[in-house]
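Before I ask anything, here is the structure I am working with.
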């Protein structure tokens, strides 16, 4: 067997080494410890005599670190295992997720630094918040990955990562800093952006002959259970995700609670609708693995606001219903009519729920009053609190932010999709989609362990020849 | 194939939508943010001028949130995966666990609110502690689920959840608020209650012809490894479980440590006895998956007290021994003589260890003195510290609480068991137990991924026809 | 089938009960709650009147507990699942890991207590830090376990644990307390020690006829995915591991960040080199599961120091490269020439990266100046800050510590290897390596769940007869 166009032997090392090399050089030039991480600056802050007293330390790191780790688990375990549902793409799901997230968190720190936080010394000062924000940015790439899962090479995915994180950082800067929109859990900047970017890329990369690999697009019994590891971790830690960068105190507390109740209500909706739309009344693992999470997306903007637990549950229940119906009825139409082959159904889990989240956030923001928020208004809506704008102007800015985000996602997706389509990145043939065999060494023998290292597996007609 | 009595197509959506609808209406009427979650109240607490200073915020949320997430993982991953050991019930184990826990945490917040914390404004004010308490309550339902695993429909399980959480809240109110018993980790209120409730339900739902499904009651190699994910997560986070609602400071610290050492000693006992009772000296996965955890149950009442690490280890070691012996010798007797078909052996993991925990707690409480506890006595035994009762009276109240709990569990289990037995909930036939096929769409093909979407799986004689 | 020499029916219970019994007696005699865990002492510290005010409590426990749980997950899930890659040794991997870690954390608390922290009352006062340190010590045993995985009985592993934790405690005492070396994340004391101890034991236990079991030494598809659970958890929580016992504030913050960036860069190197050294350009799961973690090991000493994110990335990238090359080219040589049968490749993941970490730490320590560290110098290098020694002397002591550690590992490994070789511990025959069948009850039936409890599995030629 000779090396062929999809061989990663040269392409992957070259791309990895160039990307990591450029990243390291940029880190050397631009990235510095922030003042809480640098020993000299930190101890100067602590007092002239440098006396170190645990009681006086700023607790920001300690309050955010557990949330950071929860987000970290969502990005690497949550997304990685959610995508292992495919019967023969488990290595690629968790493995490419691992690769692109590892690169994404580095590149995002640079891009977000350039657009948000270059300080007077022209340096990017990294700390716990920049780590969390880089994970968020990477999350949007992993959402897009779900749309093209099984149909792209790792090099294509790295190419997507470098461009998507960059566009994410620009869009986030416009939405949050210029337009002053609130989007702590990223209904717009993470989910809507990641989903519509990924769907657009999937459209550009449309494969008319994908039917040659469709028999591998399903799950097997144990791969569905692996995927549930991803689902449940995403579900459990979503309150940490939405609250990871909100202000300490009531904001963070409220964001956790709203997200929690939205997800709980969403789960009941997903089970109800999944049974309802199946002609035998059987539950569909695709719905359970995905639509149960839509409630977390749909409060990504509003969870920080006073939406009340009841409001969160209503939003969660409606979104769980729409998401499940989307998997059942809309995805086949996107595939057959719009030529969008959305492997993981990101339109149903992130796309529509993200838009719902943006609209809900806009409406709730429009009705914010000092009567409800009291002195807390300045934490949630600083520009309303300091009378720079009215609540309804805030609401309008939220909706404009959604439009801007969709614009970046669609235009960016087209551009990056065409870059990914250049036939030099080792994209798999139409007969080689949804299989690990072309990019991974696959162990011999069956899952009962009876095979030997010497035996050759002959029974897979899709084995590369 | 036409819809038959076990079809969930109408029943599950109707029950889910009614339950969630009622829950949402009750939340709208009764549930409000607590003062740490409401922006206006919180900032009024912070000071008239509403100045926000991180240094001044109450740390309660930040100290409890990591423990809350650990408990959350135990409830959704721990219980869910522990039960995936069955060879063909992995979807039901993790999926129904997900469903009933999602509903349970909502309904429990209402029920616990009604019985414990209706405030002067007749509202339930929810915050981080109510979320933790709701997860605890849900834990007892999941314990009962283990007793009827594979033999109940999701609708039956939801029916069980709504009644069991309600009874839990009443019993908890009597034990904790009326009798003044200490039970931070829930040896009585969670484990004893959940186990004997579940065993009673299992007795009422006794199936004389269960042998028709017994060939599916075992595990396969990989399902046992999935189950170990559940075991190890439960084991690791049990110190967080027992300490999640104890008072900050030495109480919480001590509870963590006692639980930790009890579990470590328990694990060695489980391995020792598992090998000893096997005629080939082989370890049995059922014991390792379950009996290793009994040490956490057995210090659920006493871990907060001054039992010393040595005392915790003794309790753990003895309980690990009894639990393993229970799996080997007692469970078959319960099954054949008492007609209790306890799928997961909850009597061995939660029942007996829960009673041991209650007795140990009672004994240690009886000997509490100001000499040992110092000023900390008021945190652990407030009614003893303020001389409302003596230590031995506290001990007696602990034992009375065990009796009350057993009473609620047994009487409640009979009542709810008969409700669950009403033949309208879609319970599986005796030939259809321990299989996902009747409630779930099962992917085609074997676990090596060779099957195609077109093929029909013919080799399972238990497939519904 | 009669009991034979490998039967654990008597040996395992006897050893477990003796070890746990001795441990409990020593705990009863020597172990006491520390002052933050004992109610009387704690409340005396809080104030004469024992008034309990959350604002005043020492936050040490609360800041360390989330890190403790992350380390706990690494030890029990991380190591346990990382080793499940073997096709038929999943029970042993996660199960023996569970057993020896449960014993290790208890014995380590005693041994580290005897060597480090016997206080004036001749008692060992345990608290959150002693729990973390015991987990670290246990980590080194689990590294060694990786070297002998599949070729040892559980009794042999317990024997190894008792001696290795003891030697670890002595070496740690010399390195940290006598030589004053810094090694917060344990590049030397945990990784180098555990790896070379384990490799030496593996050498002593060399099996010339291991080829009789080699056909079982590989993975199957799903076992590789289980192993990725271990990998990703180790990877995600490594920042918590390296920072778990560093000083609060900038030290802990900086350690987290350096470890994070080192791992991210290491991951890209592992993917790049894995594809490069495969003649078809395919990624090898062995590399992805292991070499991606080498970056965490390699900054175990230096992450606390001011190595800058860029410095951490350089170290991570180089170590990821060396580790992957080690798996590809060095391990086969160790096996064939040096007769070291290193099942998990611990030399590549812990051995070489540990030495790199020690050297990097020594170099960075040598250049420590008050100009860079400011008043923080006393936290990182107290003996330099108080002018007891110069920075270059600190660097020399770091390198001496590496030498001492290697000495303890090699000499200790030889001694303990020969103890483990005594033919009374039930070691498996050469034909019985890498299989769970001799120590575990294996469920009947294949992984599709079609087998029945009555059927006898006839198709495994390795089944014990």
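Note that the chains take the letters A, B and C in the order they are written out, and that residue 1 is the start of every chain.
Please note the rule applied: a residue touches a chain if its C-beta (ideal position, glycine included) is under 8 Å from a C-beta of that chain, and two chains touch if they have at least 3 such contacts.
Being a predicted model, the structure only gives us computed values, none of them experimental.
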item: Turning angle required so that subunit A lies on subunit B, C-alpha fit (0 to 180°, nearest 5); value: 120
item: Fraction-based call for subunit C against subunit A, same above half, different below; value: different
item: Whole-Å gap separating subunit A and subunit C, where each centre is the average of the chain's CA atoms; value: 32
item: Subunit A, residues touching no fewer than two other chains; value: 59, 62, 66, 88, 221-222, 229, 446-449
item: In the complex, subunit C residues that touch subunit B; value: 1, 3, 7-13, 16-17, 19-20, 23-24, 27-28, 31-33, 36-44, 46, 49-50, 52, 54-55, 57, 59, 61-62, 65-66, 69, 72-73, 76-77, 80-81, 84, 88, 90-91, 94-95, 98-99, 102-103, 105-106, 126-128, 131, 154, 221-222, 226, 229, 438-454
item: Of all residues in subunit C, those that touch subunit A in their complex; value: 58-60, 62-63, 66-67, 70, 87-88, 214-225, 228-229, 232-233, 235-237, 240, 247-254, 256-257, 260-261, 263-265, 267-269, 271-273, 275-276, 278-285, 288, 292, 306, 308-310, 313-314, 317, 371-380, 446-449, 459-460
